[in-house]
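For clarity, chains are labelled A, B, C and D in written order, and residue numbers in each chain start from 1.
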Amino acid sequence: MTRPAMRTDGAIVEATADAAMSAAIDAVIDAAIQEVNHRPRDRMGDRFRRVRRQSQVIAEPLSAEDCCVQSMPDASPIKWHLAHTTWFFETFILERFESGFQAFHPQFRVLYNSYYEGVGEKFPRPQRGLLTRPSLEEVQAYRADVDHRMLLLIDAMEAGAHAGGPQERLRAQLADFLALLELGLQHEQQHQELMLTDVKHLLSINPLRPAYQDLPEALVGGDPAELPLQWHRIEAGVVEVGHAGEGFCFDNETPRHRQFVEAYHCASRLVNNDEYRAFVEDGGYLDPALWLSEGWEWRKQLALEHPIYWQRDASGHWSEFTEYGLQELQPHRAAVHLSYYEADAYARWAGARLLTEAEWEHAAGKMQGSGREFFGVAWQWTSSSYAPYPGYSAPQGAVGEYNGKFMVNQYVLRGSSSATPLNHARLTYRNFFPAYARWQVTGIRLARGG
Amino acid sequence: MTRPAMRTDGAIVEATADAAMSAAIDAVIDAAIQEVNHRPRDRMGDRFRRVRRQSQVIAEPLSAEDCCVQSMPDASPIKWHLAHTTWFFETFILERFESGFQAFHPQFRVLYNSYYEGVGEKFPRPQRGLLTRPSLEEVQAYRADVDHRMLLLIDAMEAGAHAGGPQERLRAQLADFLALLELGLQHEQQHQELMLTDVKHLLSINPLRPAYQDLPEALVGGDPAELPLQWHRIEAGVVEVGHAGEGFCFDNETPRHRQFVEAYHCASRLVNNDEYRAFVEDGGYLDPALWLSEGWEWRKQLALEHPIYWQRDASGHWSEFTEYGLQELQPHRAAVHLSYYEADAYARWAGARLLTEAEWEHAAGKMQGSGREFFGVAWQWTSSSYAPYPGYSAPQGAVGEYNGKFMVNQYVLRGSSSATPLNHARLTYRNFFPAYARWQVTGIRLARGG
Amino acid sequence: MTRPAMRTDGAIVEATADAAMSAAIDAVIDAAIQEVNHRPRDRMGDRFRRVRRQSQVIAEPLSAEDCCVQSMPDASPIKWHLAHTTWFFETFILERFESGFQAFHPQFRVLYNSYYEGVGEKFPRPQRGLLTRPSLEEVQAYRADVDHRMLLLIDAMEAGAHAGGPQERLRAQLADFLALLELGLQHEQQHQELMLTDVKHLLSINPLRPAYQDLPEALVGGDPAELPLQWHRIEAGVVEVGHAGEGFCFDNETPRHRQFVEAYHCASRLVNNDEYRAFVEDGGYLDPALWLSEGWEWRKQLALEHPIYWQRDASGHWSEFTEYGLQELQPHRAAVHLSYYEADAYARWAGARLLTEAEWEHAAGKMQGSGREFFGVAWQWTSSSYAPYPGYSAPQGAVGEYNGKFMVNQYVLRGSSSATPLNHARLTYRNFFPAYARWQVTGIRLARGG
Amino acid sequence: MTRPAMRTDGAIVEATADAAMSAAIDAVIDAAIQEVNHRPRDRMGDRFRRVRRQSQVIAEPLSAEDCCVQSMPDASPIKWHLAHTTWFFETFILERFESGFQAFHPQFRVLYNSYYEGVGEKFPRPQRGLLTRPSLEEVQAYRADVDHRMLLLIDAMEAGAHAGGPQERLRAQLADFLALLELGLQHEQQHQELMLTDVKHLLSINPLRPAYQDLPEALVGGDPAELPLQWHRIEAGVVEVGHAGEGFCFDNETPRHRQFVEAYHCASRLVNNDEYRAFVEDGGYLDPALWLSEGWEWRKQLALEHPIYWQRDASGHWSEFTEYGLQELQPHRAAVHLSYYEADAYARWAGARLLTEAEWEHAAGKMQGSGREFFGVAWQWTSSSYAPYPGYSAPQGAVGEYNGKFMVNQYVLRGSSSATPLNHARLTYRNFFPAYARWQVTGIRLARGG
């Protein structure tokens, strides 16, 4: 049994070779190479440069100190993100495709391995913030070096593809290269979102309440106009879920398959701060009947009475710690930084529930295009545990550890958030976090029975 | 929105009154009462006596000391089980239906409340084993007293039902009573299984390796004949899942609804000790590539190298701690007491996977009846997280805490085990435990893609 | 206070073979053997019977369940105490002196080894309460068997001693036997005190507040008359501390040595409940300035606002959980069950301090004999960390683990308590517990500068 | 070793107002003021500048990242040390003596309060490393500002003292000022030692093994010549312990008082790496008979087999992580970074013991002056628990929290180490750490009975 494991911009690449599929795969690779041949040289290089540059942009407002520290085991230092994403290209691409490869630094293989058991030893995750050396400057040098070599390699690969019909061996190699390159860029984009949420968590602990950046003019006084919440009815039926066709996706979005959904209603927008505040002020955090048992224990142990970044002053006025520092709570913005437990409790209080991921994907497909906040505002918790799709299998080798091994005790989030890179969202994208996670930009879209 | 919350032997009872449904419900209650009228008096009493007696039978081989102690927070003392199941009848039935109700002991309401926040304070679960008082004898007296009063009440209820056409109010009351009575008996049966697994865990910690009971003649030398594992192919399609029709079920089995399953193969029997031993001896516990990331951390932290009740002597010979004490490992018996992590790792090693619960229910319905070990051997882990069925809602009041609030970070087990009471199994039954749980009689049924 | 006939300190228990000492040691052994020769046969047997019987008396009011359970890792089950003290005689005496010795049960060597690394494996301390088997009955049989064999051995040893002048080898053997016999009996008496305090802690957790025994007539309404607290001035000087001369002592009381104490005042009695209540009601538990830093963290973490067994009702009335169940707090009884942290904070609040152990021993020697509560009321925390006396060395072999290896991070308590066996107190006795311990009968005697 | 001109123990820091003492105190203040009058202006300012500068020197080789991070709760970031020592002067001196005082930053009072409950809220110690803001640069600005204001104040105070005979009120104020100034400088010197040991611990965790500084020429190949260990016998007698006379000391060194020490032998030098290695290679870390019970549990839990900064390569060769990076273990240098547990176990293995602090102070006084390593090599664990001297009382107010509140469950270390500022050592100095601490430069001086 075999299936495509991941796709590149214009190419699907096989992770496992299966005779029955190989003709179809060949065709796809042909198409990919075709595209390489017909587009202006350096397009791949451009994209590589653009994505890599974006990580630098995110780090720019931060000091070396800000970039070094880790506020909790779930988060990583900015400097570590910068190095790890570079390590990914060095380990999975340069080491394999660059002739005369030499590691930039022999110990970085261990220091910046996140969780790939197949690559060997890893520096312990909760200690990432203790690595004051290499310095931020040295990590920047590491990035520059790998970028330079990657661009040379991309150039050589493109040149090879342009130079006449590729041989069998070259074809396979190029396909692998393209797939891994795309994976590396998508991987870096995932870390770009984590950089923003991790540093926000770090700054939030500081009693000085430092801002990551200044409040843009555009946002001053900028609570958006109120959108009334509407319910869209969706009929029961067999729907298709998961990725198919052109374009990149992660292995966990495949294979596309059928699911049956009973009729349901989907909310037209996310729960906003005003609505969530009503839940808080109604005693929602103090009523066990509203909570999952495990969520209630979690809430009690941490003595939570509101979302992580909210605070109430003596006169009952609410503020929220944001990337712009402490700001007045804006009633019509989406309530964010909620755990699954909080999302679920709110839904129960509101007489509703969360969507399953099949429901979400189906509704988003139908309702999209009219500013429904499916993308770009907040990841939306679904009630679906993160599990393999029927027929899923992880790619071979260390890269196969990317997704599959996390498929237990996590919940799927759909859509994308204000922290997600602009072109890093997809109808079929499956984000996932443990139920207690609340440092991501996560919110609530409600559902109701049919 | 409303739906039946639970059903009794011969009656479906409404937890919430909804006009649209009420005619149908009326009919069901009529049927139930009809049945009461036409069957010999005391049938309900008989059943009550039988189930309650069974708990005593389970406790019989045990000393007062055995019954008092708690081996871990997940387990409870036998004495606590005996008292808590009694408390359930006292709190949810006698307190409501018995005229002139007086609590047997005012503090038992707190001592024996398991997790019902709606009932009030609870004695902390991890300290249940510290309650040397009330003594086992006093708990037996508590049981006797509540049994006596319950039987009087059952008698009175039956008499009321027989005495002419019941009035509206009486009808509703009788229906409630029947529903709660059945729930109490099913609840007691669930605890009967826990009594067996909890005491097994307690005895397993004792270096004397005490047997719960003597090995029956029938089992001496009794490794069953080998059944070759076969794969049954099941076609893709929309299937119905969940309980419908006559007979009791828990609220979490409802409502019956549709799911789409892609084609798959289901194993004809459970993984046996011989097969699991091969996994162990192949280094299965030492290869991170076989494990979910969280499972690997769990395994490492506990330094596990085999199932909880297995032990290997110096010469490599395997034994298993059983209810009959330490016994030679029987190769053709099902491998049991496995966590979800272990089941998942084994499946990956074997080139297979676990079933989803929809797949399990559908396969069991099709394949049942030919000794396929669906029931009575071991609960079978599914890859389905425990979640509400579409349209599910928990009953009102404290009884509503029975199932719904546990629907996060647990995995569904299907079938039933050698420790399950004989008439306490059902095609649609949803058992659930956290992924690390391994003190239940839990095993593996494999699946493969279509 | 009468003393046991044998002493062992400088002679036998202390195994440092020092030529200069050997003549003195010989003399002591001679005296011991002399005494054996001249007293009526069976006196040793009588004492053995009496001490062993006392443990049974303590267990008498308790059920098998009460005897089995362990309320915290610091405490042990009564059944375990009964078995462990028996194990001590079996392991350290019978195994060595009984011809044809056979262990009562091969696994008891592990099960009932408390902390003797030299004896081999130990069953983990925090799991002692999980040993429902052997049953209390079997442990009683174990006691009966060892008692029987010990009495036969004592008889044989006495007969040997009476039968003419013992040879060199016999002399040494007899001396060892007598020393170990006495150590075993003293050891059992130490456990008798722990039995009372451990079971009190267990019962205190039970919301039913069970009494260990009925309140004796004599104590009804029995708050003692108020004794005004007086300060006794003691002059500065070199004092002798530690055991010397006849009579048993533990190794940690030796050698007797000199210390210099500056002038000080010693309180005539212990702090009573009325005084301690004033501290509590003055906010003593809420003012960090009164506490050692570590004590303050401890108090905060446990959210303590009063002693462990005190409770205040809605109207501010204080009760205390006692061996007689919950009783009104008696103002003129000594405040007990205090940790070192609490004792130290109280002393600071009272403008005083605790005594050092040299001060205590010296004051007790001078002030004794006039009902000063030095003995029989409550162990008195000293400000002295538990450390070896100058010249101390632990005995050879496993018995040497009795005291020395605990000499870090514990504080010395002096005197004896209401739970101490009557003839188990001594001016030089050094009890010791960690600073957080409060389940022992521990109180406060104040001191002030000279 | 020159001493600061002021002393504060019996006079100023010690606030116990005792009539009998007041004449003596007056005399001391007179002497202090006298000295101020007769020495050249600005001597105090020079000393202030010198000590403050030294902290900067220590931080110089470190990056802002190195200065920001905290490797464990026991350690603090360099930046925090730089700020906290400044806070000390700002809070305890400027706030009180500067007219028109304004805090440099209102939140620094909380951020840089270490443990003074009397000052108010504190930022949680384990999170000190999360304070990426204020930046190192801002902390340097804070230092510069406080230094400037302190020097102005010192100048004004000196001018006031010189200007004719001070009045009663002025006298007291000046005395307080001088005492607090000296305390602040001594406090800063204590932190200078911690800066070195804290950053060493941080760097040690980094797999790159970064050096704090380059190995000086002088030390290359520089294992010192072997000094044979000799035993100095010291006779029994009453000795005086604690500080008296001129010169600064901390409150915990007072009052000077008498103790009796029995005769003993004191080792002429510290245990060296060669000797300690023999202990390690003899299985010293694997034999419970050598360890205190608590030490053994500690060792087992951390799975220790050698000192914290040692490592052994495959061929059995030992290296040590030092401030110069990883270096070959030098056999004749003192073994350092040992916990009390390790020191005690080593002593037992060597047939010796640790000194008490009275023994140490007495021996150091007698043996000093001939390169005996009492000072400047490694702090020496004593077997004395950290406790108040007879007659000790802590100063009033927040400054009184400096020492007294830590007097429980810590052990006294005597001497000074290679990391101690040169003029920050004293015969009577009492350093103290918990028994598990091993990140300080701590070693072993052996003792034996008389």
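The working rule: a residue touches a chain if its C-beta (ideal position, glycine included) is under 8 Å from a C-beta of that chain, and two chains touch if they have at least 3 such contacts.
The structure displayed is predicted, hence computed values, not measured ones.
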{"item": "Smallest count of steps, each to a touching chain, taking chain A to chain D", "value": "1"}
{"item": "Most distant chain from chain D, judged by the mean position of its C-alpha atoms", "value": "B"}
{"item": "Length of the line joining the C-alpha centres of chain A and chain C, rounded to whole Å", "value": "62"}
{"item": "Whole-Å gap between the CA centroids of chain B and chain D", "value": "62"}
{"item": "Chain C-chain D separation of Cα centroids, rounded to whole Å", "value": "38"}
{"item": "Two or more partner chains touched - positions in chain D", "value": "none"}
{"item": "In contact (per the touch rule at the top): chain pairs", "value": "A-B, A-D, B-C, C-D"}
{"item": "In the complex with chain B, residue positions of chain C that touch it", "value": "63-69, 71, 107, 110-111, 123, 127, 129-136, 202-203, 205-208, 210"}
{"item": "Contact footprint of chain A on chain B as seen in their complex", "value": "1, 115, 117-118, 236, 238, 257-262, 264, 288-289, 291-296, 340-341, 344, 353, 356, 383-385, 387-388, 390-391, 401, 405-409, 435, 449-450"}
